[in-house]
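Per-chain residue numbering starts at 1, and chain names A, B and C are given in the order in which the chains are listed.
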Amino acid sequence: MFYREAGDFKTSYKDDNQTFPIKFDRYRYYAVLFVAFALVPFIVNDYWVNAMLLPFLIYSIAAIGLNILTGYCGQVSLGTGGFMAVGAYACYKFMTAFPEISIIVHVILSGGVTAAVCILFGLPSLRIKGFYLAVATLAAQFFLVWLFNRVPWFYNYSASGQINAPERTVLDIAVTGPNTDAWAKYMFCLVFLTFCALIARNLTRGTIGRTWMAIRDMDIAAEIIGVNPLKAKISAFGVSGFFVGIAGALLFAVYLGAAEAGDSFGITKSFLVLFMIIIGGLGSIFGSFAGAAFLVLLPVLLKNVLVGMLGWPTDLAAHLEFIIVGGLIILFLILEPHGLAQLWRVAKEKLRLWPFPH
Amino acid sequence: MPEQLIFGMEVFLNGLMAGVLYALVALGFVLIYKASGIFNYAQGVMALFSALTLVGIMEGQVPFGHLVNAIFGTEIHGFGWHVPAFAAILLTMGVMILLAWCVQRFVFRDLVGQEPIILFMATIGLAYFLEGVGDLMWGSEIKKLDVGLPQGINAVIDETTFEWFGYGFFIDNLDIVATIIAALLVAALVVFAQYTKQGRAMRAVADDHQAALSVGISLSFVWVMVWSVAGFVALVAGIMWGTKSGVQFSLSLIALKALPVLMLGGFTSIPGAIVGGLIIGVGEKLFEFAVGPLVGGATENWFAYVLALVFLVFRPQGLFGEKIIERV
Amino acid sequence: MNQITPDSYVTADGRTIGGTVMEMKNITLRFGGVVAIKDISFDIRQGEIRAIIGPNGAGKSSMLNVISGFYNPQEGDVFYKGQKRPPMRPYQVARLGIARTFQNIALFEGMSVLDNVMTGRLHHMKAGLFSQALWKGRAEREEVENREAVEKIIDFLEIQSIRKTPVGRLPYGLKKRVELARALAAEPSILLLDEPMAGMNVEEKEDMSRFILDVNDEFGTTIALIEHDMGVVMDLSDRVVVMDYGKKIGDGTPDEVRNNQDVIDAYLGVAHD
């Protein structure tokens, strides 16, 4: 009986425009924030943070980024891995070149650099559309990974060809490097995710979000009613690149600690993030979270059940994961192209009317 | 003749033959795209899957042996027999046809009329699924494939070129055979599409689904047929590449090589796939030969893509594709 | 705008028709070898309802596409508010104050009715990326101001009850109305309607005619429309251009056009010998 809009009247357009118009949703949102910021940091251990929470937080940022480009603006990108690499290597260069500046600034700047690179590779989207563009973004993927592998300046001429994150602190607490506490890593990424999600939500519900969706739904008509396609597509590539770059920087600096472009940011990364938004829901910020959570948890679950409990060899579990992920992608595209987020919306709709069917 | 030029000619020839193989994979894409509007990302994985199946059948492996062993604690490893190459190829073809039917029945029948980009993403899902199934069925270790194709340096070319230039070209027999087979296959496919009843049905469906349906052509039959043909092309490609570098995961990546070929040649054009394949094959080998050493090598990883990308910006429909006219 | 110029006049029903707001001069449009529009000139005056009619394939839609900047003609000029309009992209034309609807509805199916109509107000919104990202200052203010303007149009076209419905779920007639709302939201100086009544039943046609007349009457919007239904055209419009095979064969008030021999031939058919 609690999930109702009856009696919750909106008296201004400002109230009507807010993110969670239904009171219960609003309170639940505050509760989630409270748990994430005030409870979780005190109870987590290394395993939880490294196996689940960190990848979830970081991939959520990447998924939000790709969702803006693909889900909102309709431009499919298979270059996410390459763009994450840009974020990672930019962050590495900033960290080593300007050690006196805060890591927070480094990460944000990495996002900016990635946005610029993303815009550069997005320029052809003005001429080519659909899967031509999807394939064209593969050019970015392969070229960028090659660049970071082959040009020694990017990895500071290290003998291994790897980049390693030096120790950096925020408020005298280490957030990168080998001696970092699990909760510190978690909090650092959580803060970034929260800000990214808020920005993404604000952008997608406003003017620029509408131009993106207009381009996605019918690009020719959008141009005729006054959407500048150059501005819409370039801004989508830029904003998307900003988030993806931040995700790449965090993945390298906080989560992996050391990275090599081919291994850490290969084409499988591009597909992983794409799958997250398909399963989670195209064109939905919540869907980005849901998809990231699902694809981060699935391997952990399979490993624990199949390998840990049933004693199967690890490679069998990995193959089964491929089958499940591939099968789910097809299933979601057939049954629910809007992903988990749509299932969630439908459930809420039902709950709102419960116990009546309509 | 200057040495560089002679090396360059050898690189050119090798590039040409690599190009024929790219064209072969690209052809599989074009066929499916023309008949159903589906851009089949799984084509490369289909090649891998067919090669895995072929090896598995020839070696008498038990399908899903590893899985059965893991679940029931048994120790099954093989039937203990060897199937001759020819029979194994036929059996594998049967498996590919079955696969074509399954793909049509369980995936694309429910996606008819969806946007092309949704279909494309579905084939990425299919690629993952198929890769998992292939590995689960036959195991993921690198396997050797030998169906009796000749391999090694071609002595005749080596000797002739040595006589002419004082330098023997290294050209693999396998590449020559592959080129011939690919050329034959392309010719056969063109004849099939142009002159047989099924080929006409296929082209009709490609032109207009509903019109084809209204004159009594069975859509699902045509699609299963097209996927089977694509499966056959994948099998041929799988045999060639599998013999060359072993049957392993990287085989599925040849699909990635075929994509820029398609962008260059246009998704709907069979001649485009062939010319595009040759341009990319020759282009990337020559580029690596000429520019590669200056920039750290391994330019083959991206050259084809960047070439296609630059090309597309100026001619969005590809070399042979139909011109796109926008309407409201 | 709306000032009475020397050449303005007042119609029988009391509306003021002003001077020329848009003029097409010797427009020729070709696709390859096909000539879609051949040397056509006509003008549109401030505040009038101007119809373009003609049989199938006469080049009416092409004409509308030229006006809205989707096609650039090979020959001829478009004059808008007295100035020659250089070739420009469609979105730039839209910003000049020319809004339109489409023959085959072109709504953004993934968005709600409200968002669709809000999209029409794009060039009234100027908040920067940062303001929008933070949802503070200009962005938040503009969102509310423009929402008020949009709600007026939603009231006017009587689509209040569906404002939050995704457009994909609406029936055909309502979609047409939402499309009109989106075009009106731009507060255009010229509104182009491409077959606004195609595929409608009599009742829906009556509704749509009423909305068109009301728009013209209340907002003083100049309207150029293409329509097949001759009865509707003759009732609605102040002046009519008749096209056939890409050429202009008639131009004038509905009564003049009705009695034009060329027009009668084109519609009823004559033996070509």
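Annotations
The definition used in the following text is that a residue touches a chain if its C-beta (ideal position, glycine included) is under 8 Å from a C-beta of that chain, and two chains touch if they have at least 3 such contacts.
Everything quoted here is computed from the prediction, not taken from an experiment.
Distances from each chain's CA mean to the overall CA mean are smallest for chain A. Contact count check for A-B and A-C (C-beta pairs in contact): higher for A-B. In whole angstrom, the spacing between the mean C-alpha positions of chain B and chain C is 51.
Here the spacing of chain A and chain B, counted between their Cα centres, is 33 Å. A separation of 42 Å divides the Cα centre of chain A from that of chain C.
Residue numbers of chain B whose C-beta contacts span two or more other chains: 328. Listed for chain C are residues 70, 102, 106, each touching two or more other chains.
Residues of chain A found to touch two or more other chains are 220-221, 224. Within the complex formed with chain C, the residues of chain A that make contact are 12-14, 16-17, 199, 202-203, 206-208, 210-211, 213-214, 216-218, 220-229, 235, 239, 283.
By the touch rule above, chain A contacts chain B in their complex via residues 74, 76, 123-124, 127-132, 134-136, 138-139, 142-143, 145-146, 149-151, 220-221, 224, 267, 271, 274-275, 278, 310-313, 315-316, 319-330, 333-334, 337.
Those residues of chain C whose C-beta lies close enough to touch chain A in the complex are 68-70, 89-91, 94-95, 99-100, 102, 106-111, 115, 118-120, 122-123, 125, 127, 129, 132-135, 139-140, 142-144, 147-148, 151, 182-183, 186. Chain contact summary for the complex, chain B toward chain A: residues 39, 66-67, 70-71, 107, 110-111, 114, 116-118, 120-122, 124-133, 135-136, 140, 256, 259-260, 262-263, 295-299, 301-302, 305-306, 308-309, 312-313, 316, 326-328.
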